[in-house]
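Presented below are the structures under discussion, each in the form of structure tokens.
Both complexes below contain chain A, partnered by chain B and then by chain C.
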Partner chain A sequence: MTNTTLRSVISDARLVAGKDLRLEWRSRVTLNQLLPFALLVLVLFAFALDPDRSVLKDATPGLFWLAVLFSTLLAIQRAFAVETVDGIIDALRISGLDPAGIFLGKAAGIALHLLVVEAALLVGVTVMYGASPSGLLLVVATSIAATAGLAAAGAVYGVLAAGLRVRDTLLPILWLPVVAPLLIGATQAFGSAYEKSSGAGWRWCGLLGAFAVLYTAIGFVAFEPLLEES
Partner chain B sequence: MDPVVRFRAAVCLLGRFPALAGVDLDVNAGEIVLLQGPNGAGKTTLLRACAGLVKVAQGEASVLGVNLVDDPKAVRPLVGLLGHATGLYDDLSVSENIRFWTRAGGASLTDADNAMARLGLDGRLASVPVARLSAGQRRRSALAVLLARRPRLWLLDEPHAALDQAGRDLVDSLMVDAVNAGATVLFASHELDRAQEVADRSVHVVGGTTQPSGNVGHTSEAVEVD
Partner chain C sequence: MTSSTPGQRAGRFDMHPDGTASHGSRVLGSILLIAVAIFLIVALVASPPDGAGADAMGDMVRIMYVHVPVAIACYTAFMVTAFASAMYLWKRTEGWDCLAAASVEVGIVFTVLTLATGSIWGHTAWGTWWEWDPRLTSTALMFVMYLGYLALRRAVVDPQSRAKQAAVLGLISFINVPIVHYSVDWWRSLHQTATIGRLDPTIDGLKLFALLFGMVLALLLYAWLMLHRFRLQWVETQVEAKGLDTALAERRAEAVADGGVR
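What follows is the complex of A and B.
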């Protein structure tokens, strides 16, 4: 990829991400639906497992990332629902935007929404489960790496499902198995951060970074043909 | 000079159905050509094929020198398509929509502002979310996107639909102005009286094939707009 092409891709990505953030600012879906949903999942986990905080505290890393995973599904569905109405997919195809730029922009938009949700969830597990991390730097790095991977895979599977009538039910079936490695890695890294033994956590964090790069590379290649078929 | 649009025995499949079943069509630079025909005849598919959105499965097809059989995507930055849908985001304002799509097409924000002014969208409507617009106002906004992007080939599917009298006159004048600026226009319409006034000639599309209909009334230089 030449420098000019890369600049064009980044410019298109900024345009698409900016548009998605403006759409969110207008519709307030993250604020009014995604955040309450994520926090509700935390509450339901607390009801289901035990009011005894020790169980919840031990399970915090896994519960946190499960809540993120469920919220990501909603974020992906929202991100591509706005592109599938009133001929917008055709407009995108014909727009002159680089498909790789659209992919990066959509992924960046999803990632920013998720980071807001994760910040709220961190406060939530601290307040509700009594769990506070000792390795804050590892928590931040893990969140960024895992979010990048979730968003990149989400953008790929979001556009794949966009053209299908059964997209709302099919998306979880397709996407969740693919991001299972991210769930495992992020849970392990968070486990280390919450247990004051961050050494192994950084190795898991590195693995998450590798998955994020892999999913982004797949998105660069696969997004265009998927957009054509959607 | 090669025609802007050249189809020879072109076949386009929608699934297994041949929506275009051997189309022959030439459109020369600077022409305004009307596609007319009954519902389901293939007019929309023909326009979408010209935009590189539907694959040409057999035959020959080129638009603006781009071979649509080999590389349909290459023609997309060169054409503008206004279909039945407007391609606008409901939650963004008129101005935000037009500016987004204009920038996406590589045109300047000045082009966007000029287009909004031409379509009468630069007043209070500019900041109104598209979701609150009437069908005619949405159509005007979509036309502003098309105008701002200054395509070399305008592909319009029922461009007069949902518009009031002033809006319809404006569409006609936009087509004539586009041609005067060096573009070419291919459009489909069921409003034959009006469409034939502005078109240089018309082509019948019937059952996925084309039949030339010859010259029709032409409005050459300008169409008056209220």
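What follows is the complex of A and C.
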């Protein structure tokens, strides 16, 4: 890829992400629905597992990332729902924007939404589960790497399911097995961040980063044919 | 059988008008039937139970003669799907799409067999039907992933869209297989030190023969199932295309009739 194409991809991505964020600013769907949902999941976990804090505290890394995973599903569905109504996706296709740029913009939009959700969840588990991380740097690095991977894979599978009538039920079954390695990696990395042993945590964090890079590459290549058919 | 006229007589590899079998697939099927009988005798009767060492599996080693071959067949099937998907994206001919779709379905059958035999082995070896063994876990995830592939195929109505989307998914899914495998492997290795279920590396004689025989048999069985499933898929595609053409022709006729009224 030459320098100019890369620059146009990035500027296209910025356009798409900016549009999605503007939509969010006006509709407040993340703020009013996604955040309450994520916090609700935290409360439901407490109901399911026992209000005993020690159980919740031990399970915090896994529960945190499960809550993120469920919220991501909603974020992906929302990100592509705004494109599929009234044939907007046709407009997107013929807009002349680079498909790789659209992919990057969509992924960036989802990622930003997720980072907000994760920040709220982090406060949630600290307050409600009594779990406070000792390796804050690892927590931040893991969140960024995992979010990039979740968003990149989410954009790929989101556009795949976007045009279908069964998209809401198909997306989870397609996307969740794919991001299972992310759940494993992020949970393990958080586990070491919460238990003060950061050694293996950084290795897992590296794996998350590699996943994000791989899925960004897949998105660059696969988004165009998938967008054409969605 | 009775209805075949000389004009449509089934040739060596041509399809019989009544089904998906051909002369070739019948010969292969007959050979397979005999081979399976021989395999069962070798695996269940002739080969000795695993007897040496502290972690000897005894008669339980026999399930490995089925478990390992069907696992290899399921990975082969998904590899064929990935290859056919790549070829479809390159050539855009429906034959490759049919091959990819057929191979996933046959692969899922082998995946179920892998999970079932692994679980049965686990029940006697570990005392539980399910253990979070890295290989079993990643196979289970792979199973769900390819069920998703089939779900996508059912969900897309337009044949061209379906083929293209499925091809992209078939390729990405195959990239996922090693990622899932290694991450699960790594995850489990942090918790348990010894890998359970590893085949004895000093396996030899009739046991080794039974295992290799099983592998060849599983791959031939895959090929035989594929012959039938591919032909069925091909016919389905033709029927679908014909149905679409007929519907189009009918609508056109209606339009012409409407125009005539006006």
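As a working rule, the second predicted complex is superposed on the first by the 230 of 230 C-alpha atoms of A that agree within 3 Å, B and C clash if a C-alpha of one lies under 4 Å from a C-alpha of the other, contacts with A are read in each partner's own complex, and residues count from 1 in each chain.
Assume a contact is a pair of C-beta atoms (placed from the backbone, for glycine too) under 8 Å apart; a residue touches a chain by one contact, two chains touch by 3 or more.
The structure displayed is predicted, hence computed values, not measured ones.
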{"item": "First, second, both or neither for A:I184, with chain B first and chain C second", "value": "second"}
{"item": "More chain A residues in contact - chain B or chain C", "value": "C"}
{"item": "First, second, both or neither for A:F211, with chain B first and chain C second", "value": "second"}
{"item": "Touched partner set for A:L23, first chain B, second chain C, both or neither", "value": "first"}
{"item": "Contacts of A:I88 with chain B and chain C, given as first, second, both or neither", "value": "first"}
{"item": "Overlap of the chain B and chain C footprints on chain A, listed as residue numbers", "value": "none"}
{"item": "List of chain C residues in touch with chain A within their complex", "value": "89, 141-142, 144-145, 147-148, 151-152, 155-156, 158, 160-161, 164-165, 168-169, 171-172, 175-176, 179-180, 183-184, 186-187, 190"}
{"item": "Residues of chain A that touch chain B when the two form their complex", "value": "12, 15, 19, 22-23, 26-27, 82, 85-88, 90-91, 93-97"}
{"item": "Of all residues in chain A, those that touch chain C in their complex", "value": "156, 160-161, 164-166, 170, 173-174, 177-178, 180-181, 184-185, 188, 200, 207, 211, 214, 218, 222, 225-226, 228-229"}
{"item": "Interface residues, chain B side, partner chain A - complex", "value": "48, 51-53, 73, 76-77, 79-81, 83-92, 96, 100-101, 103-106, 129"}
